[in-house]
Amino acid sequence: MLFHVRMDVQLPPAMPAAQADELKKNERELAQSLQRSGKWRHLWRIAGQYANVSMFDVDSVEELHALLMSLPLFPYMKIEVMPMCRHPSSIHESDA
Amino acid sequence: MLFHVRMDVQLPPAMPAAQADELKKNERELAQSLQRSGKWRHLWRIAGQYANVSMFDVDSVEELHALLMSLPLFPYMKIEVMPMCRHPSSIHESDA
Amino acid sequence: MLFHVRMDVQLPPAMPAAQADELKKNERELAQSLQRSGKWRHLWRIAGQYANVSMFDVDSVEELHALLMSLPLFPYMKIEVMPMCRHPSSIHESDA
Amino acid sequence: MLFHVRMDVQLPPAMPAAQADELKKNERELAQSLQRSGKWRHLWRIAGQYANVSMFDVDSVEELHALLMSLPLFPYMKIEVMPMCRHPSSIHESDA
Amino acid sequence: MLFHVRMDVQLPPAMPAAQADELKKNERELAQSLQRSGKWRHLWRIAGQYANVSMFDVDSVEELHALLMSLPLFPYMKIEVMPMCRHPSSIHESDA
Amino acid sequence: MLFHVRMDVQLPPAMPAAQADELKKNERELAQSLQRSGKWRHLWRIAGQYANVSMFDVDSVEELHALLMSLPLFPYMKIEVMPMCRHPSSIHESDA
Amino acid sequence: MLFHVRMDVQLPPAMPAAQADELKKNERELAQSLQRSGKWRHLWRIAGQYANVSMFDVDSVEELHALLMSLPLFPYMKIEVMPMCRHPSSIHESDA
Amino acid sequence: MLFHVRMDVQLPPAMPAAQADELKKNERELAQSLQRSGKWRHLWRIAGQYANVSMFDVDSVEELHALLMSLPLFPYMKIEVMPMCRHPSSIHESDA
Amino acid sequence: MLFHVRMDVQLPPAMPAAQADELKKNERELAQSLQRSGKWRHLWRIAGQYANVSMFDVDSVEELHALLMSLPLFPYMKIEVMPMCRHPSSIHESDA
Amino acid sequence: MLFHVRMDVQLPPAMPAAQADELKKNERELAQSLQRSGKWRHLWRIAGQYANVSMFDVDSVEELHALLMSLPLFPYMKIEVMPMCRHPSSIHESDA
């Protein structure tokens, strides 16, 4: 089941660099393990923004929510979720 | 080069069904040929909306613009374009 | 799987009354059969608006999309969909 | 009498964890007792957000306001309230 | 029970004057009878706009909704409803 | 002369309780004296919000501005002002 | 008493030129007579828009409303009204 | 050359009173000297807001920008600028 | 003097093709003559939109307004104008 | 390849002047070197705002993103990016 998720990150400017780097490192590790598991199917950077668009492939809405809440950067993110489905004109099996 | 494109279609309710069907058929054919060519890399339907999110992989902004303007439904669509790039945490070669 | 759906209906003022009544009758019949099936779990009217908030309990996003597109009033509705999940503080089994 | 209430929680990132946990514990206890009393009829989590949609069944607007103001998280919440009524197409007695 | 209701009227410019006048006459008569009944407690014109702010004093949300839907201008109005309650600093018994 | 004023209060969460209580006490006293004087004609609480809708009856725009600026909570309020006039369908002499 | 009024005009593209010209002629005549009377104190064109910003000097909100409603273009205008008063730093007597 | 400028001032609540007063004093002095010079042609207070609408009469956009940036309150202001020109229906020479 | 102008064109879908083509031809001719004159300094197409961003170099706001109003597509355009000036970090003489 | 980029800078008022000046100096140096390289083709100041509109000429979206992220003021900027292409009516070779 596919969800389009936009994440806009806003770290407080006053946050110490070390703390920010630690958060980003953990975020990166978790994101990559979720990609390897297939849950986090696509991850793109929006040019010019500290933001990404991702496609998640999960088994339930609960699973999606748990994954997003588990992200180290979650408290600093504005998140928009859109449920997606296969487009009638799509020829990509992988887009289901 | 990747562009995230959201298309919201709004056909005038008074449009004759035959005309609408013809437009949609032509739109479908062009969309599928562009997908086969690799230009239109992803195409998903936003649940509950007559709208889609797509990822285009083109060689230039001009090419993107020409493709979008050539869509039969273009005059009836609100289109938002975001340039995307590979995310530093992405493990998907195919997301470049 | 739960989805919160807001539907704002906007029929063209110039639409003949008979056509509007027919649409509403069909909408009502479909809505009630979907409620009986359990798919359409909750349906409330927003006071003062020709709009409703509904909760759908479906097996997939595709199913949700198909149901919404099948509504006779679909062409005349602005629809917003939010995926919902059980709240950690909820005591209602039926809210899962 | 039914009210649809959306609550978006925004705790200051700098708030000490212990204080936040205490607030959440108290919020949870109050929310569950209000659910048991029937006042708080539905409570769902919006996927990907620290936010919920709830349905309150109260005897007056004053009662609704008092309940919401009494929530420990109230000072940190953006709240939107919509009065709801039974939908003419609803078959659910429990949605009145 | 008090509800703050804002009504913005937008009659199609192409509507024949006679039809518009008939609508306004009926609207006026119903509004005045509802005021006499006490349901429609306050009615003010927003300067420069074909819009009003009203305060309704009704027994239920259903009653409010039925009243608003019964207004001849309802199909041509954008309506916003806010539930209100007595302010702790109010000295006006009549504002309850 | 009537003005519809909406006031949304946003006290900084970090403000000491004593300071906040003092502000609210002073605000309450001034609001009640202005109501007794007839300047502050109506004052209602928006359910679920730390906000109110008020109707002021003043002799000039300057007087309205001075009253609002004199409110202890003014620095912490988002204020929207709409000039109102008697509605042609109003039967309430007191709504002039 | 001063009111800042922004008027955005939107004539239906399908309106016959003669009808539009007649409306504009009448609008112009009324606007100029109101300026001569001192009611319409300032009138500026917003560059690039079929819109203006005006300052009205009237004796009451009712008078303002009546003037605006009497404008031939009123049915085709979006109007925003802001009550203004003398600025404490203003040295212009004429800005009172 | 005329520019309509709206300035909304938002001083941080935590700013010491003395610092705020100093800023306001300097702002007032500069504003009055600019008014005497004719650059700052009109200055009105928006009722109920810590905001003003002004009309500047300058020789270039650069001059406008320099004036606005020189205002002591500039760092604490949200500014909107609209270029204005003489309205074809204006009879006021002074509005050119 | 530089003005940044965004123009979003929205031709009524029902407009006959011949009329639309005629409008576009005239628009094109005027746009090119204004570019040759130096008034219309830059003209870019926003990818995916029937919209452009332009930079105008004119002698007065009146001139800008007259140019924009003279465009054949003016009645079908939403226009936003921003006055621009030389950036302190700019090294381009031609950007003045 | 052209990108229209709007940058709105918002430095925290509490930032020490020296730190702010250092940031601005570094920003200025990088901006000027990028202009000399041709990447940063146009840079204009929006009058009355601490904001600019720029046109970037880059070889890829990745390059654009890297340039923007490298700007010292990046953490304090709200950035909007629009892909642009040559306008069919443009006569400026240099606008390609």
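Per-chain residue numbering starts at 1, and chain names A, B, C, D, E, F, G, H, I and J are given in the order in which the chains are listed.
By our rule, a contact is a pair of C-beta atoms (placed from the backbone, for glycine too) under 8 Å apart; a residue touches a chain by one contact, two chains touch by 3 or more.
By chain, UniProt protein names: A, B, C, D, E, F, G, H, I, J = Muconolactone Delta-isomerase.
All of these numbers come straight from a predicted model, not from anything done at the bench.
Note on connectivity: the fewest chain-to-chain touch steps from chain D to chain H number 2.
Under the touch definition stated at the top, chain D and chain J share these contacting partners: A.
Of all chains, B has its CA centroid at the greatest distance from the CA centroid of chain F.
When you average the Cα atoms of each chain and compare centres, the chain farthest from chain J turns out to be E.
Different-residue interface: chain A and chain J share under half of the residue numbers found at their contact. Chain C and chain G have centres, each the mean of its CA atoms, that are 44 Å apart. Taking the mean of the C-alpha atoms as each chain's centre, chain F and chain G sit 28 Å apart.
Annotation for chain J: residues touching 2 or more other chains are 2-3, 45, 47-48, 61, 64-65, 81-86. Every pair of chains meeting the contact definition is listed here: A-B, A-C, A-D, A-J, B-C, B-I, B-J, C-D, C-E, D-E, D-F, E-F, E-G, F-G, F-H, G-H, G-I, H-I, H-J, I-J.
Listing the residues of chain A that touch chain J in their complex gives 11, 13-14, 45, 47-49. Against chain I, the residues of chain B that register as touching in their complex are 3, 5, 12, 61, 64-65, 68, 75-76, 79-81. Across the complex, chain E is touched by residues 2, 4, 27-28, 31-32, 35-36, 42-48, 52-53, 55, 82-92, 95 of chain F.
Residues of chain J touching chain B in their complex: 1-3, 60-62, 64-65, 81-86.
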